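In the two complexes that follow, chain A is the common piece, with chain B as its partner first and chain C second.
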Partner chain A sequence: MRLRILPKEEVPRMVQALMEDYRVVGPKAKGPKFVFEPIVDPAEMRLDYNITILPPKVALQPPQERVAKIDLEGEVPQTDPLIEAEPTVIFGAHTCDIHALRLLDRAFAADYPDNHYLKRRQETLIISLECLEPCDEHSFCKDMGTLTADEGYDLHLTDIGDAYTVHIGTEAGEALLERCANTRAATDDDVRRLNEVLSAKWPRFTHRLNFDAAELPALLATAYEHPIWAELGERCLSCGSCTNVCPTCYCFNMLDTVSLTLKEALRIRRWDSCQLDEFARVAGGENFREARAARQRHRFFRKGKWLRERFDTTGCVGCGRCIRACLVNINIVEVFNTIHGSA
Partner chain B sequence: MMAGKNGKVKVAFFDFACCEGCQLTVIDSLQTHLDLLEAVEIVNFREASSEQRQDYQIAFIEGSITRKQDEERLRRIREQADILVALGACAHTAGINALKNLKPLDEVRRYVYGEHADWYDTYPARPVSAVVQVDAFIPGCPIDREEFVEVVKALLVGKKPPIPDYPVCVECKLKGNVCVFHVGKVCMGPVTRAGCGAICPTYGDGCEGCRGIIPNPNENAMEEVLDEAGLTLDEIMDRFTMFNAYRELEAEE
Partner chain C sequence: MTQSSIYAPEFARLVDVRPLTELEKLFTIELPDGRSLGHDPGQFVMVSIPGVGEAPISITSSPSRSNGTFELCVRRVGDVTNALHRMKPGDYVGIRGPFGHGFPIEQMRGKDLLFAPGGLGLAPLRSLINQVLDERGSFGRVIILYGAKRPAELLFRDELEEWAARDDVEFHVTVDRGDESWDGHIGVITTLFPLITVDPRNTVAVTCGPPIMYRFVIMEMLGKGIPETQIYLSLERRMKCGVGKCGHCQINDLYCCKEGPVFTYAQIKNVPEAL
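Up next, the complex of A and B:
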């Protein structure tokens, strides 16, 4: 592992240099909250952010994208894929979100490889940021094992006071650093400071699950008929906010829109949510998850069991976004603890 | 649908009890989507044209039904039109017109028309669908112009118009908005039909519910959310009846 030192005053210059060649997507303030958006001015980058409303996956799986153009003039419609990818740097992603991107990478490469996501992923470099304190009381990254990351980034920054240490994760990251940033070699003192910072951070994060997250799949396997699902079904608004802010949710819907001349059409892909009333309705009118309780159960099983079993990485990264977004206070930590307490 | 000799589908616009703001949005969309006039022929549109032909295939209806004689006129339109579309909140859900349904009719008539109340015939406001079959609807007060264009396109190709059946929260989240509840405001977004691009929360205001309530809303949960946000029972009812009084009164019966 190679370590470089990036003095803090060099960060704006680095961002500016990156912006010459890349779309730089980083944390910015939005009212009292933060969002990942393309950076227009290096001064708006807020590396001191706690958590963003939407995760950085917006740079790889945008909420809405055009996926194909369809020519309707011939006898048979002619479909041409549209892949909207551009060289991108995701700057300042926290490690929970890095773990989530690993899951998305696997999900979009499985079965039918998704060229839209994969092409964007291929053109994206990730500069992640070590968290030194919890975002707020809803973070449970320590429970989910996402409080740090050993892979999944090209460069990884840790704040050691007046500078960031930069772990080089990939050759592409190293080349990017050489080209766009003024860094220096790490001294023994830098390494000592880094170790101090990393040791000091662990006690600041508390465990909030009453059990080891590795038990989740086995725990949920016994909980399919648990009374909690009916209770959540009573409370849930089915607004879809929990899944729309989730960094590991990747479901989408496709819709075609024709031009007014009826000569061409666009195929649009948009995020979808298993919590919405119509999500599981199929041709013929049957809805396989008509009850809110069934939809809630589906979400918790995805997060705690099915995604992990399918992609061999955690389906929930403990970011707590779903908890903050839920207007009826459905709290994934409380749900898992309740199930554990009654097992 | 049979197009006219020029290859265009003939459309008409009619209004009942309304402010004509939705028709104004239609006129506005004609200026931003010039292809609209290539795609359809407008044969009857009082607000925009002196033409008054009756050979239309698609009829757009703005406004609520508030008088007996409205019904007769509406039925004649229904007989002529292959497709009848409720345009905007007043036609779709009876909108704010139905606020009067919450009060005794005599009281409302005296309040509005004073001593001449007897001169004006009126009854509780109803959506267009309470009188004739409605084939499609475009929600909102006023309608969203992009959605209007999408509905026209869907009708031209014979598809079901793409009106969302999910709540405003979805569009609001996809835009990465700060939830207005998190800045101390209240919002009907969790139970209101999307399609407006969450325009009010995007600009920092709570949703007023102008696009109608989604199918299968969790109204008890929504009431609790509003209660937790500090609203009194009356204020909660006001939120539910501002644009959706007709629905609330129907539910009571």
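Up next, the complex of A and C:
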């Protein structure tokens, strides 16, 4: 294990140095909450944040992006793919969000590689942060196996008091650290403190699912007709907040626009939500997922079963964002526990 | 990593536009440099018009008749399809694809084939039917049961007449509602099934049509004893990417654009959202 020590007072200098060469996306305060956004001043970075409204996914699959430009001036329209990536460092991502990126990496690489995401991913370095206590009462990362990570980052920080230990995950991470940060070698005392911190963290997290998450796919397989979907369908407002904040949601819409001069058209991709009424509707008026209950079921099956089966990694990372975002208190933990309780 | 985008259309020229009915037109399209599309029957392309939008459309021409062009049969129903209908030969449309899983023609060789398209469902099946007819010797019986709402909605009338005239094609057509010009069969497509007998184990059946039709047609096919693994259907869903990413086309855990649009009945019979 390659370990370095980053004294806390060195962090702003490191961020400043990173900002020379990279877009640094990190946690910042927004009112009483936190967001992942480009850092303009190192002092804004709030590594003591609990949870961000939107996950760091925003740096890789932004809510809206241009995917192609079409020049309409000539006789034959000309398409220009727009692969818009810039060197980026995601700084301070919690481990649940790192696990979520593994899913996105697989989804965007599968079959037909999506170079918009993949190029951005390739140009992005990830500095993650070990969580030492649950973000709030809605976190269930312990159940989903995401409250730590041993891969998926270039550098991984753990707070040991007056300093961070830095696990080096990749060579690119190591080079970045050498170039941009004043670190020192880890002493035996640092390692002892790290071990203390890590063993002290586990009891602070509690299990909230009443069963082992590995059973989720099998559990859901028996629950397609469960009455809970109708209940959720009655309550859900189809606002799409739950999917908007989810680090493992990546569905999108495509929009074609044209400039006022009619000289140029743009193809734009925007986040979309399976909870919206028109998501599965086709031209003849047929809606293949018309009932809210069916749309709710779709989301929970994706999170608990289908994504995992398809991409061999968890489809829900237990961040709890969808629970915090829902105006009518639809709670994924309660949903899964209810199904388990009646199985 | 390349700078290419799976969402960036390539522009292709309309070489012919021919009205088929009040609502449908047939578009003949030529790719740049005379390249062939290289599709399988049953696959689709994403057709786009800059600033308007994009729509999935089945390739209706047979690979065996490509001549450097391919054909799309498009019903005007909304933004993109209406804009397409206003286009003329010489205009350009965006094309992505071909995408999806088509019909496994190799597994059909030597078999009797039963086609049962309803309405616009003839568009994707025509690609397969014409390829089969171009290689007629390597298939057994060819039975086509075609249903439309009204006589005026029958597509590809010249080809229907050709099929009806051939000795090596058993062709039956019906309309839900007749008119004074019609002296043929009247009734929904399922009413054609009693007219035929098949050797079920050696028959591959293929259907495509409006969502409501599948259950009834499949019941007829199963009723004839055709095994579930030998019944193929092509399903329609909303599609935004065509390549298994955007999520719109999902049928439970299946992606219609990628794992379909052609499925066997065996594949989807336990997938509740399929039919």
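What we mean here is this: the second predicted complex is superposed on the first by the 339 of 343 C-alpha atoms of A that agree within 3 Å, B and C clash if a C-alpha of one lies under 4 Å from a C-alpha of the other, contacts with A are read in each partner's own complex, and residues count from 1 in each chain.
Here, a residue touches a chain if its C-beta (ideal position, glycine included) is under 8 Å from a C-beta of that chain, and two chains touch if they have at least 3 such contacts.
If you're wondering where the values come from, they're calculated on a predicted model, not measured in any experiment.
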Residues of chain A touched, compared between chain B and chain C (which is higher): C
Contacts of A:239 with chain B and chain C, given as first, second, both or neither: first
Which superposed partner A:328 touches (first chain B, second chain C, both, neither): first
Partner chain(s) touched by A:118 [first = chain B, second = chain C, both, neither]: second
Partner chain in contact with A:31 - chain B first, chain C second, else both or neither: first
Touched partner set for A:185, first chain B, second chain C, both or neither: neither
Touching partner for A:257 - first (chain B), second (chain C), both, neither: both
Partner chain in contact with A:292 - chain B first, chain C second, else both or neither: first
Intersection of the chain A residues that touch chain B with those that touch chain C: 255, 257-258, 262
Chain A to chain C touching residues, read off their complex: 67-68, 70, 72, 76-83, 107-108, 110-116, 118-119, 122, 224, 250-258, 262, 265, 267, 269, 272, 274, 279-284, 286, 288-289, 294, 298, 301, 305-306, 309-310
Interfacial residue positions of chain B with respect to chain A in the complex: 33, 35-36, 38-39, 149-150, 152-153, 156-157, 162, 165-167, 169-170, 173-179, 181-183, 189-191, 214-218, 220-222, 224-225
Chain C to chain A touching residues, read off their complex: 1-11, 13, 48-54, 77-78, 81, 92, 94, 210-211, 236-238, 240-241, 243-248, 250-253, 258, 272-273
Chain B partner contacts - residues on chain A that touch it in the complex: 30-33, 35, 37, 53-54, 58, 63-64, 234-241, 244-245, 255, 257-262, 270-271, 273, 276-278, 292, 325, 327-328
